[in-house]
Amino acid sequence: MFGSNDKKFFEAFNTLAEKIVLGAGLLHEMMEKWDRPEETAHRIKALEHECDEITHDLMRRLNRTFITPFDREDIHDLASKLDDVMDFIDNTANRMVVYRFQAPPPEMAAISDVLMRQSAVLREAVANVKQADHILAKCIEIHSLENEGDRIFHSGIARLFSSVTDPIEVIKQKDLLETVEKATDKCEDAANVLESIMLKNA
Amino acid sequence: MFGSNDKKFFEAFNTLAEKIVLGAGLLHEMMEKWDRPEETAHRIKALEHECDEITHDLMRRLNRTFITPFDREDIHDLASKLDDVMDFIDNTANRMVVYRFQAPPPEMAAISDVLMRQSAVLREAVANVKQADHILAKCIEIHSLENEGDRIFHSGIARLFSSVTDPIEVIKQKDLLETVEKATDKCEDAANVLESIMLKNA
Amino acid sequence: MFGSNDKKFFEAFNTLAEKIVLGAGLLHEMMEKWDRPEETAHRIKALEHECDEITHDLMRRLNRTFITPFDREDIHDLASKLDDVMDFIDNTANRMVVYRFQAPPPEMAAISDVLMRQSAVLREAVANVKQADHILAKCIEIHSLENEGDRIFHSGIARLFSSVTDPIEVIKQKDLLETVEKATDKCEDAANVLESIMLKNA
(Lines give C-alpha, C1' and ligand atoms only; values in the text may rest on other atoms or scores of the structure.)
Protein backbone atom coordinates (compact mmCIF):
# COMPACT_ATOMS: atom_id res chain seq x y z
CA MET A 1 0.00 0.00 0.00
CA PHE A 2 2.89 2.40 0.71
CA GLY A 3 5.97 2.72 -1.51
CA SER A 4 9.64 2.88 -0.51
CA ASN A 5 9.54 6.53 -1.45
CA ASP A 6 7.24 7.14 1.48
CA LYS A 7 9.74 5.93 4.03
CA LYS A 8 11.31 9.36 4.45
CA PHE A 9 8.00 10.95 5.37
CA PHE A 10 7.21 8.31 7.96
CA GLU A 11 10.74 8.63 9.33
CA ALA A 12 10.29 12.38 9.71
CA PHE A 13 6.98 11.92 11.57
CA ASN A 14 8.50 9.30 13.84
CA THR A 15 11.46 11.54 14.62
CA LEU A 16 9.17 14.48 15.42
CA ALA A 17 7.05 12.31 17.70
CA GLU A 18 10.18 10.92 19.36
CA LYS A 19 11.48 14.41 20.11
CA ILE A 20 8.09 15.40 21.55
CA VAL A 21 8.31 12.40 23.89
CA LEU A 22 11.80 13.50 24.94
CA GLY A 23 10.65 17.09 25.43
CA ALA A 24 7.61 16.12 27.51
CA GLY A 25 9.86 13.82 29.58
CA LEU A 26 12.32 16.64 30.25
CA LEU A 27 9.48 18.99 31.18
CA HIS A 28 8.11 16.44 33.62
CA GLU A 29 11.59 15.94 35.09
CA MET A 30 11.94 19.70 35.48
CA MET A 31 8.73 19.81 37.55
CA GLU A 32 9.53 16.74 39.63
CA LYS A 33 13.14 17.53 40.50
CA TRP A 34 13.27 21.31 40.14
CA ASP A 35 17.03 21.09 39.84
CA ARG A 36 18.78 23.48 37.42
CA PRO A 37 15.62 24.32 35.48
CA GLU A 38 17.57 26.66 33.14
CA GLU A 39 19.64 23.73 31.93
CA THR A 40 16.54 21.61 31.25
CA ALA A 41 14.88 24.53 29.48
CA HIS A 42 17.95 24.82 27.22
CA ARG A 43 17.78 21.15 26.32
CA ILE A 44 14.07 21.52 25.49
CA LYS A 45 14.81 24.59 23.37
CA ALA A 46 17.39 22.52 21.43
CA LEU A 47 14.73 19.87 20.73
CA GLU A 48 12.38 22.59 19.57
CA HIS A 49 14.99 23.85 17.07
CA GLU A 50 15.54 20.31 15.81
CA CYS A 51 11.80 19.89 15.25
CA ASP A 52 11.72 23.18 13.32
CA GLU A 53 14.51 21.90 11.07
CA ILE A 54 12.83 18.55 10.46
CA THR A 55 9.53 20.25 9.68
CA HIS A 56 11.12 22.68 7.22
CA ASP A 57 13.01 19.85 5.49
CA LEU A 58 9.81 17.85 5.24
CA MET A 59 7.95 20.80 3.71
CA ARG A 60 10.70 21.28 1.11
CA ARG A 61 10.76 17.57 0.25
CA LEU A 62 6.96 17.60 0.01
CA ASN A 63 7.20 20.30 -2.62
CA ARG A 64 9.49 18.14 -4.78
CA THR A 65 7.68 14.82 -4.37
CA PHE A 66 4.70 13.94 -6.50
CA ILE A 67 3.59 10.65 -5.06
CA THR A 68 3.17 10.73 -1.32
CA PRO A 69 1.74 8.20 1.18
CA PHE A 70 -1.31 10.36 1.71
CA ASP A 71 -2.45 13.75 0.43
CA ARG A 72 0.36 16.24 0.57
CA GLU A 73 -1.71 18.86 2.38
CA ASP A 74 -2.37 16.28 5.13
CA ILE A 75 1.34 15.56 5.53
CA HIS A 76 1.85 19.31 5.82
CA ASP A 77 -0.92 19.57 8.39
CA LEU A 78 0.33 16.69 10.53
CA ALA A 79 3.92 17.97 10.58
CA SER A 80 2.74 21.44 11.50
CA LYS A 81 0.55 20.16 14.37
CA LEU A 82 3.37 18.01 15.77
CA ASP A 83 5.61 21.07 15.61
CA ASP A 84 2.98 23.02 17.60
CA VAL A 85 3.09 20.44 20.42
CA MET A 86 6.85 20.91 20.72
CA ASP A 87 6.44 24.70 20.65
CA PHE A 88 4.11 24.65 23.64
CA ILE A 89 6.35 22.27 25.60
CA ASP A 90 9.13 24.77 24.95
CA ASN A 91 6.91 27.75 25.88
CA THR A 92 6.06 26.08 29.20
CA ALA A 93 9.71 25.40 30.04
CA ASN A 94 10.64 28.92 29.03
CA ARG A 95 7.98 30.50 31.28
CA MET A 96 9.09 28.37 34.24
CA VAL A 97 12.51 30.03 33.95
CA VAL A 98 11.40 33.55 33.04
CA TYR A 99 8.96 33.69 35.96
CA ARG A 100 11.70 32.77 38.45
CA PHE A 101 9.49 30.47 40.49
CA GLN A 102 10.95 29.15 43.74
CA ALA A 103 9.11 25.91 43.03
CA PRO A 104 6.71 24.83 40.29
CA PRO A 105 3.01 25.42 40.98
CA PRO A 106 1.65 22.23 42.63
CA GLU A 107 -0.30 21.00 39.58
CA MET A 108 2.64 21.17 37.16
CA ALA A 109 4.03 17.71 37.91
CA ALA A 110 0.64 16.04 37.41
CA ILE A 111 -0.23 17.94 34.25
CA SER A 112 3.19 17.38 32.67
CA ASP A 113 2.79 13.71 33.51
CA VAL A 114 -0.44 13.73 31.49
CA LEU A 115 1.41 15.46 28.65
CA MET A 116 4.15 12.83 28.81
CA ARG A 117 1.59 10.03 28.56
CA GLN A 118 -0.21 11.82 25.71
CA SER A 119 3.08 12.16 23.84
CA ALA A 120 3.81 8.45 24.22
CA VAL A 121 0.38 7.59 22.79
CA LEU A 122 0.88 10.13 20.00
CA ARG A 123 4.19 8.49 19.10
CA GLU A 124 2.50 5.08 18.88
CA ALA A 125 -0.30 6.50 16.75
CA VAL A 126 2.20 8.13 14.40
CA ALA A 127 4.22 4.90 14.17
CA ASN A 128 1.09 2.94 13.22
CA VAL A 129 -0.55 5.49 11.00
CA LYS A 130 -1.42 2.80 8.46
CA GLN A 131 -3.70 0.85 10.81
CA ALA A 132 -7.10 2.52 11.07
CA ASP A 133 -8.37 0.68 14.17
CA HIS A 134 -5.17 1.29 16.04
CA ILE A 135 -5.24 5.02 15.22
CA LEU A 136 -8.82 5.42 16.40
CA ALA A 137 -8.09 3.70 19.74
CA LYS A 138 -4.98 5.82 20.30
CA CYS A 139 -6.79 9.03 19.43
CA ILE A 140 -9.58 8.25 21.89
CA GLU A 141 -6.85 7.76 24.51
CA ILE A 142 -5.33 11.15 23.65
CA HIS A 143 -8.75 12.80 23.96
CA SER A 144 -9.42 11.29 27.36
CA LEU A 145 -5.94 12.29 28.57
CA GLU A 146 -6.75 15.81 27.42
CA ASN A 147 -9.86 15.66 29.62
CA GLU A 148 -7.69 14.52 32.52
CA GLY A 149 -5.31 17.45 31.90
CA ASP A 150 -8.30 19.77 31.79
CA ARG A 151 -9.52 18.62 35.19
CA ILE A 152 -6.09 19.23 36.72
CA PHE A 153 -6.00 22.64 35.05
CA HIS A 154 -9.40 23.62 36.48
CA SER A 155 -8.50 22.45 39.96
CA GLY A 156 -5.28 24.50 39.65
CA ILE A 157 -7.28 27.62 38.77
CA ALA A 158 -9.63 27.01 41.71
CA ARG A 159 -6.68 26.50 44.10
CA LEU A 160 -4.94 29.60 42.76
CA PHE A 161 -7.85 31.99 43.29
CA SER A 162 -8.81 30.60 46.68
CA SER A 163 -5.32 30.61 48.21
CA VAL A 164 -2.93 33.01 46.45
CA THR A 165 -3.39 36.72 47.12
CA ASP A 166 -0.39 38.31 45.37
CA PRO A 167 -1.78 39.40 41.96
CA ILE A 168 1.57 39.07 40.14
CA GLU A 169 1.91 35.52 41.42
CA VAL A 170 -1.66 34.79 40.27
CA ILE A 171 -0.86 36.14 36.79
CA LYS A 172 2.31 34.01 36.53
CA GLN A 173 0.78 30.76 37.74
CA LYS A 174 -2.38 31.23 35.66
CA ASP A 175 -0.31 31.84 32.54
CA LEU A 176 1.82 28.79 33.21
CA LEU A 177 -1.20 26.53 33.77
CA GLU A 178 -2.77 27.87 30.57
CA THR A 179 0.41 27.31 28.56
CA VAL A 180 0.88 23.68 29.62
CA GLU A 181 -2.84 23.05 29.13
CA LYS A 182 -2.48 24.40 25.61
CA ALA A 183 0.28 21.82 25.01
CA THR A 184 -2.23 19.06 25.84
CA ASP A 185 -4.74 20.73 23.46
CA LYS A 186 -2.14 20.70 20.71
CA CYS A 187 -1.68 16.94 21.23
CA GLU A 188 -5.41 16.63 20.70
CA ASP A 189 -5.20 18.73 17.52
CA ALA A 190 -2.49 16.40 16.20
CA ALA A 191 -4.72 13.40 17.07
CA ASN A 192 -7.57 15.06 15.15
CA VAL A 193 -5.37 15.34 12.06
CA LEU A 194 -4.41 11.67 12.41
CA GLU A 195 -8.09 10.69 12.66
CA SER A 196 -8.88 12.81 9.64
CA ILE A 197 -6.09 11.21 7.58
CA MET A 198 -7.24 7.78 8.67
CA LEU A 199 -10.87 8.52 7.68
CA LYS A 200 -9.79 9.84 4.29
CA ASN A 201 -7.59 6.86 3.48
CA ALA A 202 -9.48 3.95 5.05
CA MET B 1 -29.11 12.75 -2.65
CA PHE B 2 -28.71 11.33 0.85
CA GLY B 3 -29.33 7.67 1.76
CA SER B 4 -31.17 6.22 4.74
CA ASN B 5 -27.79 5.20 6.09
CA ASP B 6 -26.98 8.86 6.61
CA LYS B 7 -29.86 9.46 9.00
CA LYS B 8 -27.79 8.53 12.05
CA PHE B 9 -25.14 11.14 11.24
CA PHE B 10 -27.69 13.90 10.79
CA GLU B 11 -29.42 12.81 13.99
CA ALA B 12 -26.14 13.06 15.88
CA PHE B 13 -25.47 16.57 14.53
CA ASN B 14 -29.00 17.68 15.39
CA THR B 15 -28.68 16.29 18.90
CA LEU B 16 -25.34 18.04 19.42
CA ALA B 17 -26.81 21.32 18.18
CA GLU B 18 -29.87 20.86 20.38
CA LYS B 19 -27.71 20.37 23.46
CA ILE B 20 -25.68 23.46 22.61
CA VAL B 21 -28.93 25.44 22.47
CA LEU B 22 -29.91 24.05 25.88
CA GLY B 23 -26.47 24.80 27.32
CA ALA B 24 -26.43 28.37 26.01
CA GLY B 25 -29.95 28.85 27.38
CA LEU B 26 -28.89 27.63 30.82
CA LEU B 27 -25.84 29.89 30.75
CA HIS B 28 -28.00 32.87 29.90
CA GLU B 29 -30.44 31.97 32.67
CA MET B 30 -27.51 31.72 35.10
CA MET B 31 -26.48 35.28 34.25
CA GLU B 32 -30.00 36.71 34.30
CA LYS B 33 -31.25 35.13 37.52
CA TRP B 34 -28.02 34.43 39.40
CA ASP B 35 -29.87 31.93 41.54
CA ARG B 36 -28.04 28.74 42.58
CA PRO B 37 -25.35 29.04 39.90
CA GLU B 38 -23.66 25.81 41.09
CA GLU B 39 -26.78 23.86 40.19
CA THR B 40 -26.95 25.40 36.71
CA ALA B 41 -23.22 24.74 36.20
CA HIS B 42 -23.82 21.06 37.07
CA ARG B 43 -26.60 20.80 34.51
CA ILE B 44 -24.35 22.37 31.87
CA LYS B 45 -21.53 19.98 32.79
CA ALA B 46 -23.97 17.07 32.28
CA LEU B 47 -24.79 18.38 28.79
CA GLU B 48 -21.07 18.64 28.06
CA HIS B 49 -20.57 14.98 29.02
CA GLU B 50 -23.50 13.96 26.81
CA CYS B 51 -21.94 15.83 23.86
CA ASP B 52 -18.62 14.05 24.48
CA GLU B 53 -20.41 10.70 24.34
CA ILE B 54 -22.31 11.54 21.17
CA THR B 55 -19.12 12.78 19.52
CA HIS B 56 -17.16 9.65 20.45
CA ASP B 57 -19.98 7.39 19.22
CA LEU B 58 -20.13 9.32 15.98
CA MET B 59 -16.36 8.97 15.48
CA ARG B 60 -16.54 5.21 16.05
CA ARG B 61 -19.48 4.83 13.67
CA LEU B 62 -17.64 6.93 11.11
CA ASN B 63 -14.77 4.47 11.20
CA ARG B 64 -17.08 1.58 10.33
CA THR B 65 -19.16 3.30 7.64
CA PHE B 66 -17.93 3.51 4.09
CA ILE B 67 -20.57 5.62 2.44
CA THR B 68 -21.33 8.83 4.31
CA PRO B 69 -23.46 11.88 3.43
CA PHE B 70 -20.34 13.98 2.91
CA ASP B 71 -16.62 13.35 3.26
CA ARG B 72 -15.86 11.51 6.44
CA GLU B 73 -13.17 13.97 7.52
CA ASP B 74 -15.75 16.77 7.24
CA ILE B 75 -18.20 14.90 9.47
CA HIS B 76 -15.35 14.49 11.94
CA ASP B 77 -14.50 18.16 11.72
CA LEU B 78 -18.07 19.37 12.19
CA ALA B 79 -18.67 17.12 15.21
CA SER B 80 -15.44 18.23 16.79
CA LYS B 81 -16.24 21.95 16.29
CA LEU B 82 -19.75 21.53 17.76
CA ASP B 83 -18.17 19.77 20.71
CA ASP B 84 -15.82 22.76 21.16
CA VAL B 85 -18.78 25.15 21.43
CA MET B 86 -20.22 23.06 24.26
CA ASP B 87 -16.80 22.92 25.96
CA PHE B 88 -16.56 26.69 26.09
CA ILE B 89 -20.12 27.10 27.37
CA ASP B 90 -19.15 24.67 30.13
CA ASN B 91 -15.84 26.49 30.78
CA THR B 92 -17.73 29.77 31.19
CA ALA B 93 -20.24 28.27 33.64
CA ASN B 94 -17.42 26.60 35.54
CA ARG B 95 -15.44 29.85 35.91
CA MET B 96 -18.55 31.68 37.15
CA VAL B 97 -18.66 29.22 40.05
CA VAL B 98 -14.93 28.88 40.71
CA TYR B 99 -14.44 32.66 40.82
CA ARG B 100 -17.15 33.03 43.48
CA PHE B 101 -18.60 36.20 42.01
CA GLN B 102 -21.28 37.98 44.03
CA ALA B 103 -22.94 38.85 40.74
CA PRO B 104 -22.01 38.23 37.11
CA PRO B 105 -19.97 40.98 35.43
CA PRO B 106 -22.46 43.39 33.81
CA GLU B 107 -21.80 42.28 30.20
CA MET B 108 -22.38 38.56 30.82
CA ALA B 109 -26.16 38.62 30.31
CA ALA B 110 -25.86 40.44 26.98
CA ILE B 111 -23.01 38.31 25.64
CA SER B 112 -24.65 35.03 26.68
CA ASP B 113 -27.80 36.28 24.96
CA VAL B 114 -25.75 36.64 21.77
CA LEU B 115 -24.39 33.12 22.28
CA MET B 116 -27.94 31.81 22.76
CA ARG B 117 -29.06 33.42 19.49
CA GLN B 118 -25.94 32.11 17.71
CA SER B 119 -26.69 28.60 18.95
CA ALA B 120 -30.27 28.79 17.69
CA VAL B 121 -29.03 29.82 14.23
CA LEU B 122 -26.37 27.10 14.34
CA ARG B 123 -29.07 24.52 15.11
CA GLU B 124 -31.10 25.68 12.11
CA ALA B 125 -28.03 25.59 9.87
CA VAL B 126 -27.20 22.05 11.02
CA ALA B 127 -30.81 20.94 10.50
CA ASN B 128 -30.78 22.27 6.93
CA VAL B 129 -27.26 21.29 5.99
CA LYS B 130 -28.47 20.05 2.60
CA GLN B 131 -29.68 23.47 1.41
CA ALA B 132 -26.75 25.57 0.24
CA ASP B 133 -28.51 28.96 0.18
CA HIS B 134 -29.98 28.43 3.60
CA ILE B 135 -26.58 27.51 5.06
CA LEU B 136 -24.88 30.57 3.64
CA ALA B 137 -27.56 32.91 5.05
CA LYS B 138 -27.38 31.27 8.47
CA CYS B 139 -23.58 31.40 8.52
CA ILE B 140 -23.58 35.11 7.68
CA GLU B 141 -25.98 35.57 10.63
CA ILE B 142 -23.58 33.67 12.91
CA HIS B 143 -20.67 35.85 11.75
CA SER B 144 -22.54 39.05 12.41
CA LEU B 145 -23.64 37.81 15.85
CA GLU B 146 -19.98 37.09 16.54
CA ASN B 147 -19.23 40.72 15.70
CA GLU B 148 -21.98 41.80 18.10
CA GLY B 149 -20.46 39.61 20.84
CA ASP B 150 -17.08 41.12 20.08
CA ARG B 151 -18.36 44.65 20.57
CA ILE B 152 -19.85 43.72 23.95
CA PHE B 153 -16.57 42.04 24.88
CA HIS B 154 -14.54 45.14 24.00
CA SER B 155 -16.88 47.43 25.92
CA GLY B 156 -16.54 45.05 28.88
CA ILE B 157 -12.75 45.30 28.75
CA ALA B 158 -12.96 49.10 28.55
CA ARG B 159 -15.38 49.23 31.52
CA LEU B 160 -13.20 46.84 33.52
CA PHE B 161 -9.98 48.82 33.21
CA SER B 162 -11.61 52.20 33.74
CA SER B 163 -13.61 51.27 36.84
CA VAL B 164 -12.22 48.20 38.65
CA THR B 165 -9.07 48.68 40.69
CA ASP B 166 -8.64 45.35 42.48
CA PRO B 167 -6.19 43.42 40.25
CA ILE B 168 -7.54 39.98 41.23
CA GLU B 169 -11.05 41.09 40.30
CA VAL B 170 -9.68 42.42 36.98
CA ILE B 171 -8.02 39.06 36.27
CA LYS B 172 -11.20 37.13 37.03
CA GLN B 173 -13.57 39.30 35.01
CA LYS B 174 -11.16 39.55 32.08
CA ASP B 175 -10.77 35.76 32.00
CA LEU B 176 -14.53 35.28 32.12
CA LEU B 177 -15.19 37.75 29.31
CA GLU B 178 -12.47 36.07 27.23
CA THR B 179 -13.91 32.60 27.86
CA VAL B 180 -17.47 33.47 26.84
CA GLU B 181 -16.13 35.41 23.85
CA LYS B 182 -14.23 32.28 22.83
CA ALA B 183 -17.52 30.36 22.91
CA THR B 184 -18.91 32.78 20.30
CA ASP B 185 -15.70 32.30 18.25
CA LYS B 186 -16.23 28.54 18.36
CA CYS B 187 -19.76 29.00 16.96
CA GLU B 188 -18.14 30.89 14.11
CA ASP B 189 -15.61 28.07 13.60
CA ALA B 190 -18.51 25.59 13.36
CA ALA B 191 -20.22 27.89 10.84
CA ASN B 192 -17.00 27.97 8.81
CA VAL B 193 -16.97 24.16 8.66
CA LEU B 194 -20.61 24.19 7.54
CA GLU B 195 -19.79 26.69 4.80
CA SER B 196 -16.83 24.62 3.74
CA ILE B 197 -18.95 21.44 3.54
CA MET B 198 -21.61 23.30 1.59
CA LEU B 199 -19.04 24.64 -0.89
CA LYS B 200 -17.52 21.20 -1.38
CA ASN B 201 -20.88 19.50 -1.98
CA ALA B 202 -22.89 22.15 -3.82
CA MET C 1 -4.23 27.27 -16.19
CA PHE C 2 -6.57 29.92 -14.73
CA GLY C 3 -9.63 31.33 -16.52
CA SER C 4 -10.77 34.94 -16.80
CA ASN C 5 -13.56 34.01 -14.45
CA ASP C 6 -10.97 33.59 -11.70
CA LYS C 7 -9.76 37.15 -11.89
CA LYS C 8 -12.30 38.39 -9.37
CA PHE C 9 -11.13 35.92 -6.75
CA PHE C 10 -7.49 36.87 -7.18
CA GLU C 11 -8.44 40.53 -7.09
CA ALA C 12 -10.26 40.01 -3.78
CA PHE C 13 -7.24 38.23 -2.27
CA ASN C 14 -4.89 40.95 -3.47
CA THR C 15 -7.13 43.65 -2.04
CA LEU C 16 -7.35 41.88 1.31
CA ALA C 17 -3.57 41.48 1.43
CA GLU C 18 -3.10 45.13 0.43
CA LYS C 19 -5.34 46.30 3.26
CA ILE C 20 -3.45 44.11 5.74
CA VAL C 21 -0.21 45.80 4.62
CA LEU C 22 -1.84 49.20 5.15
CA GLY C 23 -3.18 48.18 8.56
CA ALA C 24 0.16 46.80 9.74
CA GLY C 25 1.85 49.97 8.49
CA LEU C 26 -0.58 52.16 10.44
CA LEU C 27 -0.08 50.05 13.54
CA HIS C 28 3.67 50.42 13.26
CA GLU C 29 3.31 54.17 12.76
CA MET C 30 1.09 54.32 15.86
CA MET C 31 3.85 52.71 17.94
CA GLU C 32 6.68 54.77 16.45
CA LYS C 33 5.07 58.19 16.61
CA TRP C 34 2.48 57.77 19.36
CA ASP C 35 0.68 60.80 18.06
CA ARG C 36 -3.16 60.80 18.13
CA PRO C 37 -3.45 57.02 18.52
CA GLU C 38 -7.28 57.22 18.56
CA GLU C 39 -7.23 58.59 15.04
CA THR C 40 -4.94 55.83 13.80
CA ALA C 41 -7.09 53.22 15.56
CA HIS C 42 -10.14 54.59 13.72
CA ARG C 43 -8.39 54.30 10.38
CA ILE C 44 -7.43 50.70 11.18
CA LYS C 45 -11.01 49.93 12.23
CA ALA C 46 -12.19 51.26 8.85
CA LEU C 47 -9.79 48.89 7.06
CA GLU C 48 -11.10 46.04 9.18
CA HIS C 49 -14.68 46.82 8.11
CA GLU C 50 -13.60 46.94 4.47
CA CYS C 51 -11.97 43.51 4.81
CA ASP C 52 -15.17 42.14 6.35
CA GLU C 53 -17.15 43.43 3.36
CA ILE C 54 -14.72 41.99 0.81
CA THR C 55 -14.72 38.64 2.59
CA HIS C 56 -18.53 38.46 2.72
CA ASP C 57 -18.80 39.40 -0.96
CA LEU C 58 -16.24 36.76 -1.85
CA MET C 59 -18.17 34.12 0.12
CA ARG C 60 -21.41 35.01 -1.66
CA ARG C 61 -19.73 34.95 -5.07
CA LEU C 62 -18.14 31.62 -4.21
CA ASN C 63 -21.59 30.19 -3.61
CA ARG C 64 -22.72 31.16 -7.10
CA THR C 65 -19.59 30.16 -9.01
CA PHE C 66 -19.05 26.59 -10.10
CA ILE C 67 -15.61 26.70 -11.59
CA THR C 68 -13.05 28.34 -9.35
CA PRO C 69 -9.25 28.67 -9.60
CA PHE C 70 -8.77 26.17 -6.79
CA ASP C 71 -11.12 24.23 -4.52
CA ARG C 72 -13.87 26.45 -3.23
CA GLU C 73 -13.32 25.43 0.39
CA ASP C 74 -9.68 26.55 0.05
CA ILE C 75 -10.71 29.95 -1.28
CA HIS C 76 -13.03 30.20 1.71
CA ASP C 77 -10.26 29.20 4.07
CA LEU C 78 -7.70 31.64 2.68
CA ALA C 79 -10.12 34.58 2.77
CA SER C 80 -11.10 33.76 6.33
CA LYS C 81 -7.45 33.53 7.49
CA LEU C 82 -6.55 36.84 5.83
CA ASP C 83 -9.56 38.38 7.56
CA ASP C 84 -8.24 37.03 10.88
CA VAL C 85 -4.91 38.83 10.40
CA MET C 86 -6.75 42.13 9.94
CA ASP C 87 -8.92 41.40 13.01
CA PHE C 88 -5.88 41.02 15.23
CA ILE C 89 -4.21 44.16 13.86
CA ASP C 90 -7.45 45.95 14.75
CA ASN C 91 -7.62 44.29 18.19
CA THR C 92 -4.08 45.48 18.94
CA ALA C 93 -4.82 49.06 17.90
CA ASN C 94 -8.06 48.99 19.89
CA ARG C 95 -6.32 47.81 23.08
CA MET C 96 -3.65 50.49 22.76
CA VAL C 97 -6.43 53.08 22.99
CA VAL C 98 -8.64 51.35 25.58
CA TYR C 99 -5.70 50.80 27.94
CA ARG C 100 -4.82 54.51 27.87
CA PHE C 101 -1.07 53.94 27.79
CA GLN C 102 1.13 57.01 28.16
CA ALA C 103 3.50 55.35 25.69
CA PRO C 104 3.51 51.98 23.93
CA PRO C 105 5.32 49.17 25.76
CA PRO C 106 8.95 49.18 24.54
CA GLU C 107 8.64 46.02 22.37
CA MET C 108 5.61 47.21 20.39
CA ALA C 109 7.55 49.10 17.73
CA ALA C 110 9.83 46.12 17.01
CA ILE C 111 7.05 43.54 16.97
CA SER C 112 4.77 45.65 14.76
CA ASP C 113 7.74 46.10 12.45
CA VAL C 114 7.93 42.30 12.19
CA LEU C 115 4.20 42.21 11.48
CA MET C 116 4.62 44.84 8.78
CA ARG C 117 7.35 42.79 7.10
CA GLN C 118 5.27 39.62 7.40
CA SER C 119 2.32 41.38 5.77
CA ALA C 120 4.49 42.53 2.87
CA VAL C 121 5.69 38.96 2.29
CA LEU C 122 2.12 37.68 2.61
CA ARG C 123 0.99 40.14 -0.03
CA GLU C 124 3.70 38.92 -2.41
CA ALA C 125 2.78 35.30 -1.74
CA VAL C 126 -0.88 36.01 -2.43
CA ALA C 127 -0.02 37.90 -5.62
CA ASN C 128 2.02 34.95 -6.89
CA VAL C 129 -0.19 32.13 -5.66
CA LYS C 130 0.21 30.31 -8.98
CA GLN C 131 3.97 29.80 -8.61
CA ALA C 132 4.70 26.92 -6.28
CA ASP C 133 8.39 27.64 -5.65
CA HIS C 134 7.75 31.27 -4.97
CA ILE C 135 5.00 30.43 -2.46
CA LEU C 136 7.18 28.01 -0.55
CA ALA C 137 10.02 30.53 -0.26
CA LYS C 138 7.65 33.26 0.91
CA CYS C 139 5.99 30.99 3.45
CA ILE C 140 9.35 30.01 4.92
CA GLU C 141 10.06 33.73 5.27
CA ILE C 142 6.75 34.27 7.07
CA HIS C 143 7.53 31.39 9.43
CA SER C 144 10.93 32.74 10.30
CA LEU C 145 9.50 36.23 10.86
CA GLU C 146 6.99 34.62 13.22
CA ASN C 147 9.94 33.18 15.14
CA GLU C 148 11.50 36.64 15.27
CA GLY C 149 8.21 38.06 16.62
CA ASP C 150 8.12 35.27 19.16
CA ARG C 151 11.57 36.13 20.48
CA ILE C 152 10.59 39.78 20.90
CA PHE C 153 7.39 38.67 22.64
CA HIS C 154 9.30 36.47 25.10
CA SER C 155 11.83 39.18 25.87
CA GLY C 156 8.88 41.54 26.48
CA ILE C 157 7.36 39.10 28.98
CA ALA C 158 10.72 38.73 30.73
CA ARG C 159 11.18 42.53 30.90
CA LEU C 160 7.62 43.01 32.15
CA PHE C 161 7.87 40.61 35.08
CA SER C 162 11.34 41.72 36.10
CA SER C 163 10.68 45.46 36.05
CA VAL C 164 6.98 46.34 36.35
CA THR C 165 5.39 45.99 39.76
CA ASP C 166 1.90 47.44 39.28
CA PRO C 167 -0.29 44.38 38.59
CA ILE C 168 -2.83 46.28 36.45
CA GLU C 169 0.01 47.57 34.28
CA VAL C 170 1.35 44.00 34.00
CA ILE C 171 -2.08 42.72 32.90
CA LYS C 172 -2.44 45.44 30.26
CA GLN C 173 1.03 45.08 28.75
CA LYS C 174 0.89 41.28 28.80
CA ASP C 175 -2.46 41.33 27.01
CA LEU C 176 -1.17 43.76 24.42
CA LEU C 177 1.97 41.71 23.74
CA GLU C 178 -0.16 38.57 23.43
CA THR C 179 -2.59 40.26 21.03
CA VAL C 180 0.07 41.53 18.64
CA GLU C 181 1.88 38.19 18.85
CA LYS C 182 -1.38 36.50 17.86
CA ALA C 183 -1.50 38.76 14.78
CA THR C 184 1.88 37.33 13.72
CA ASP C 185 0.51 33.81 14.37
CA LYS C 186 -2.45 34.55 12.13
CA CYS C 187 -0.05 35.56 9.33
CA GLU C 188 1.55 32.15 9.77
CA ASP C 189 -1.88 30.46 9.62
CA ALA C 190 -2.56 32.27 6.33
CA ALA C 191 0.84 31.10 5.04
CA ASN C 192 -0.07 27.54 6.03
CA VAL C 193 -3.25 27.73 3.95
CA LEU C 194 -1.25 29.06 1.01
CA GLU C 195 1.22 26.17 1.33
CA SER C 196 -1.63 23.72 1.54
CA ILE C 197 -3.29 25.13 -1.59
CA MET C 198 0.03 25.04 -3.40
CA LEU C 199 0.63 21.40 -2.41
CA LYS C 200 -2.86 20.40 -3.53
CA ASN C 201 -2.58 22.11 -6.92
CA ALA C 202 1.06 21.65 -7.85
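Going in written order, the chains are labelled A, B and C, and every chain counts its residues from 1.
FYI, a contact is a pair of C-beta atoms (placed from the backbone, for glycine too) under 8 Å apart; a residue touches a chain by one contact, two chains touch by 3 or more.
All values reported here derive from a predicted model rather than from experimental measurement.
A.B. asks: If I superpose the C-alpha trace of subunit B onto subunit C, what rotation angle comes out, expressed in steps of 5 degrees from 0 to 180?
C.D. replies: The C-alpha superposition of subunit B onto subunit C needs 120 degrees.
A.B. asks: Validating interface symmetry: for the copies subunit A and subunit B, is the fraction of residue numbers used by both over half? Same or different.
C.D. replies: different
A.B. asks: Just curious, how far off is subunit B from subunit A if you go by their C-alpha centres, in Å?
C.D. replies: A distance of 26 Å separates the two centres.
A.B. asks: Multi-chain contacts only, two chains or more: what residues does subunit C have there?
C.D. replies: 167, 171
A.B. asks: Which subunit C residues qualify as touching subunit B in the complex?
C.D. replies: Checking each residue of subunit C against subunit B gives 52, 56, 59-60, 62-63, 71-73, 76-77, 80, 94-95, 98-100, 167-168, 171-172, 175.
A.B. asks: Write out the stretch or stretches of subunit A touching subunit B in their complex.
C.D. replies: The contact residues of subunit A facing subunit B are 132-133, 136, 139-140, 143, 147, 154, 157-158, 161, 165, 167, 170-171, 174, 192, 195-200, 202.
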